[in-house]
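In the two complexes that follow, chain A is the common piece, with chain B as its partner first and chain C second.
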Partner chain A sequence: MGEQKFDVLPRGVNQQAFLKAVEAFRKLLGDENVLTKPEQLIAYMKIMMPVDEAEHAPSAALTATTVEQIQAIVKICNEYRIPIWTISTGRNFGYGSAAPHHRGQIILDLKKMNKILHVDPELCTALVEPGVTYQQLYDYLQAHDLPLMLSMPAPSAIAGPLGNTMDRGVGYTPYGEHFLMQCGMEVVLANGEVLRTGMGGVKGDNSWQVFKWGYGPTIDGLFTQSNYGICTKMGFWLMPRPPVYKPFSIKFDSEDDIADIVEVLRPLRIAQIIPNALVIANALWEAGGANVRRTQYYEGQGVTPDDVIERICADKGIGQWNVYAALYGTREQVAVNWQIVTDAIKALGKGAIITEEEAGDTEPFKYRAKLMQGIPNLQEFGLYNWRGGGGSMWFAPVSQARGSETSKQMRLAKKILNKYGLDYVGEFIVGWRDMHHVIDVLCDRSDPAEFKAAYACFQELLDEFERQGYAVYRVNTAFMERVAQSYGPVKRRVEHAIKRALDPNNILAPGKSGIDLETFKG
Partner chain B sequence: MDAQRRLLLKGMVVGGLSGPGLIGSGMSLANDPAKSAMHAESTKPILALVNDRAEYSAFIQGVQAADHSGSLQLHDTSLGLDFLLTLQRHVQDARGEYIVGLVDDACGTLIVELARAAGARVYWLGQHAVSLDRSHHQLLSSQMADGCAASLIQQLVVHGASCDLDRQSAGRGIQSSRLTQNLCGVADRDRGQWAVDLGHGLASLGRTVIPAAPRMDAGLMPATGHFISFAFEI
Partner chain C sequence: MISSKYIPIIKIRPIIVGVVFSISLSVHAEDSAQPRDGEIVYAKICGYCHDVGIGPNIKDRQLPPEYIHYIVRRGLRAMPAFPEPYISDEELKQIGRFIY
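Let's look at the complex of A and B:
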């Protein structure tokens, strides 16, 4: 092969050193697994944040198929000081997609490591490789007639449990807090050693997927949202499919109802009457899920006026707030819990309950019901057509599950978004005692003014929320350093001390969650 | 079927589907045998994807008008899981085919991801926001699509619509180029011309010089709204 000149190089690496590293990768993986041509890399550059693609352009992408190959890859990376950004299924839309944290990093794409290694129908556990998608697992359970249920994020069909859990994502079943249900990891460290967490290090052990803690410090969490290792296997728990599943929605007509909704639902959630990660979605989120496009109702610029939103609600049978929850269990259990839920709503004196029978085939009920039952679909991508233009960043502050907090956060977010001409498209995902307040900051990336406004808006959201004592649980690659600052200097020093110990050459995903030995000045 | 779509389908042969069969309407488009002096690349089959709405007709007109001797198939896209899983199987299994398209944001995001996962060579990604008085185009493309980019830019200038175009060209250090044009009083037909030019350009992938696309058929609806365009090879 003739000498290739590379357009994009990793930080501090020259053409010659990079070429040597690429040659070593080619020798190890074969040409077809070392992608350096622009047309092989463009798809990795499709980002949704309002920043230039060039800022997140990879210098190359590698695909690996074995743990041994990954061990050899990190060896080469150490030798040539090449940073690698690992993705599993790579569908991190709104958080950076498949693109690296910053320009020049090599992507390590584990999509080809896609074996379902084990599913135990009695203990209800699974062990998978990084490239396994939820759809693949779902098909496997169906094909083997296993009465188990998955919990998945909305891009279910194409996303994967390993990548989603590594970024501490969420789903909508009772197992919706995915990291809580993770059990056992295999991780390739920066020095090439392979670590198994929990019981995984014990010779001959067979309880790796059933007992999380093992012995001594429990370290699984250290590898999530971080850059301390490359996860090559992950175990997690599956929920037994219940005999009866009863999804329902509760429609509320006023934006001011959010506080009351949370107050009435929290006790039911904490007591596990409603056991799933239920959702409270606002009108515009619902509009996206119901395939509504803004231009069908409003051709103007800027924020969608309230009267337009009201018209959409009336036309589509959407509430200003829409709760989606479900009951799971035997017929008797579900009947008892249903009585408790309906009594609570009756006592509240507002909110219209909609059952599956009443909703029929309508969206967004249909796709929400599927998600709460662990059935893959892609309907929520309709959000991208609401405004259009390819811009999306999730702003996801954590909130207490307390009515006064949620309404305070909602008003603050709406005020800031509207100031920049953007809509409040938000939902609360109710965890065990917290809420992930997830807002899709949607913008038109092709409109230079909106591009700038969306970036400034996101900055202000982070700043203002921080001022009020709030921070996000996860963020896109353009804002990782900023968010790390919210969590305080001591945490950052500890994180960097661990990084220095485990990855002194800073080769694993520098910049992830603000951890980067080269730029940290702590 | 609305009038626009009837117009679009006029003259097309509804053909059998390759592979496991894509969901939605599939049409083999008859090519003009007179257009034979072609670029070597153009013998590869083309699969053109659009949403099933009238405003995509101009893009299809452009695709169909390109000099291309390989087979040409058209498919509707949707957010439905069946369609996407079938397309996923198709991009994983088929080889030596160009897939081009103009679709809405939701479908575009998913299709480009399927292309990445299948290891496709992606030559063109476009984001288009078009209103009656102005259009924005954001392009990310490789050398293989230089001709298409040049022809789209030239046609935007010739047809005189107000526009902003921002192109990042991967392959030469990711160069950026910009075009801003402010013109008013443009006829409807000219406003819709960009989609014909784009379809024509993408279906002529690999050519450095692309002849002008035909004028948009009278009666077609100018494409307004938000779109993603793409061209990749599997």
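Let's look at the complex of A and C:
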């Protein structure tokens, strides 16, 4: 064991110190939970970003199953100055997957820490560990016949609520803004102490999962998209499953319709007539969800021509824009709201409403209807086949839910993507008053020219959007430092002051969201 | 008004208090020490892509266990990689037997 030489080391750590740390980890966790061989680590290196895997190669991976183990791990990390990159299920596709922010960080894999600790069907709350997947929780609710509904992102079946919420991901039900529905966290701090947020610190309290704010500063948000602690338990709210669920789609034939769509839907969303995080998806996003591959229609290089997109739309019954929304409630509630929705579309004078009965078993309606009802599936992975080659980065600027803004963002994004020979594949997810404008920058990672173009394109998207006053809400590990700059120097100084206070040895995920005591010079 | 457009998904029914109490205190974990059945892992992970045309069909193709292990651990193009804590070596063997 003592002779082992490591190919990859953490930044600033030599072979000898790393070996000592690995030996300490082995003593703590057992050999089987300390992975250091290249063939054991290869699964953590699969990324979708167009950058070299070597830049994100871990030096080792640890598997922990208890809070006490994690406390002991951070103690060892502090002693040897070992940085750890924690993953829950490691499915953060298009944002970095399971790979660490930079080369040499140790992965702390919490997938085996997978207890569903508590589900309360009366108060509609859950408390879970990091490794619980949406599929596992869904199966649990089904097995116990609990009338509760989950909200999940598109990689639902294999991703998990804790990781998704900690990265402030979104879903498609009325509870689609996941961090809004989070209630109570348990966090292992860098010094090994265990913090419970909200009401969780009160001895004997039973309100941890029902009252978010606790007393004094509410600090849950500090632990999302950050590197101030390791979340080991998270509470969140579940929606009661309604007696009636009515998904529907509205198809629009012109790309110019996006402004009108937003203007007609915003009042309905804000007033909760349409209560869910509805989406407005463009034609190519829909094509991916319908299992269409670009090569079936077009063998050329560069941007897919408009006439090809129109042909796909005609063949598959897809609109240039496609709204997916749903109504939830009693028969009477749904009837009233359905009337309001149909009247609004009728008054608009364009847009074809498609009900579930009319859509039948067709995709992408089928998978969208499942997602809006909290049923796991992976149909949206069809997007990755549109271009093929496994390259994907989410460019996700925030937008006001205002027609003029969405139209402006869409045109700007499309212009830049097309300049690099890439297609605009985008959707708007309507939060409440905001929209997550989510664009999949797809590329073939095996094509060197496309690989290079996608990276340059992403840089320009960030730059140009920033010039127009926009920024993304989340980004992949290769661009975290760049995006942190968009949010201004004062915020960065505060973030690093907190980092110095909570993690002076910089052991927790340095680089996450641009927070890194070693590289920040502000 | 809507008539036949409703999609009832559950009947509202009273929930027995005792049952609620026991459920609300229950703890459920996938037992990491016990491999899950290959058919179940296939259905809950692999099948979502490989049964619907997103990934290629992998059933009844006599894929060698070594090949399955190689691809699952590395991923392939858009297919994600799954590390050992996510799907164990033994579970991979069972998936291999199920789809063989």
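Simple rule for what comes next: the second predicted complex is superposed on the first by the 521 of 522 C-alpha atoms of A that agree within 3 Å, B and C clash if a C-alpha of one lies under 4 Å from a C-alpha of the other, contacts with A are read in each partner's own complex, and residues count from 1 in each chain.
The rule is short, and it goes like this: a residue touches a chain if its C-beta (ideal position, glycine included) is under 8 Å from a C-beta of that chain, and two chains touch if they have at least 3 such contacts.
On a predicted model such as this, the values are computed, not experimentally measured, just so you know.
*Asks:* On chain A, do chain B and chain C fit together or clash when superposed?
*Replies:* Clash.
*Asks:* Counting residues of chain A touched by each partner, does chain B or chain C come out ahead?
*Replies:* Touching more of chain A: C.
*Asks:* Considering only the touch criterion stated at the top, classify A:R241 as touching first (chain B), second (chain C), both, or neither.
*Replies:* Only chain C is touched by A:R241; chain B is not.
*Asks:* A:Q135 in the overlay: touching chain B, chain C, both, or neither? Say first, second, both or neither.
*Replies:* In the superposed model, A:Q135 contacts both chain B and chain C.
*Asks:* When the two structures are overlaid on chain A, which partner does A:Q69 contact: first (chain B), second (chain C), both, or neither?
*Replies:* Touch partners of A:Q69: none, neither chain B nor chain C.
*Asks:* Identify the partner contact of A:D120: answer first if only chain B is touched, second if only chain C is, both if each is, neither if none is.
*Replies:* second
*Asks:* In the overlay, answer first, second, both or neither for which of chain B and chain C A:Q182 touches.
*Replies:* So A:Q182 meets neither chain B nor chain C here.
*Asks:* Can A:G388 be said to touch chain B (first), chain C (second), both, or neither?
*Replies:* Both: A:G388 reaches chain B and chain C.
*Asks:* Of the two partner chains, chain B (first) and chain C (second), which one does A:A157 touch, if any: first, second, both, or neither?
*Replies:* Both: A:A157 reaches chain B and chain C.
*Asks:* After lining up the shared chain so the two structures overlap, which partner does A:T304 touch, if you call chain B first and chain C second: first, second, both or neither?
*Replies:* neither
*Asks:* Would you sort A:P147 into first (chain B), second (chain C), both or neither based on which partner it touches?
*Replies:* Only chain C is touched by A:P147; chain B is not.
*Asks:* Can you list the residues of chain A that meet both chain B and chain C?
*Replies:* The answer is residues 35, 39-40, 42-46, 48, 63, 89-91, 93, 98, 111, 135, 157-158, 291, 376-379, 381-382, 384-385, 388-390, 445-446 of chain A.
*Asks:* What does chain A use to touch chain B in their complex?
*Replies:* Listed in rising order, the residues are 7-8, 35, 37-46, 48, 52-54, 57, 63, 89-91, 93, 98, 111, 135, 157-158, 291, 293, 295, 299, 376-379, 381-385, 387-390, 444-448.
*Asks:* For chain C, which residues are in contact with chain A within the complex?
*Replies:* 1-2, 4-12, 15, 20, 23-30, 32, 44-45, 48-49, 52-54, 73-86
*Asks:* Enumerate the contact residues on chain B facing chain A in the complex.
*Replies:* 79, 81, 84-85, 104-110, 112-117, 119-123, 125, 127-129, 131, 136-138, 140-144, 164, 166, 168, 170-174, 176, 225-226, 228, 232-233
*Asks:* In their complex, what parts of chain A are in touch with chain C?
*Replies:* Touching chain C from chain A are residues 35, 39-40, 42-46, 48, 61, 63, 65, 89-91, 93, 97-98, 109, 111-112, 114-122, 129, 131, 135-136, 139-140, 144, 146-147, 157-158, 241-246, 291, 331, 334-335, 338-339, 355-357, 373, 376-379, 381-382, 384-385, 388-390, 392, 445-446.
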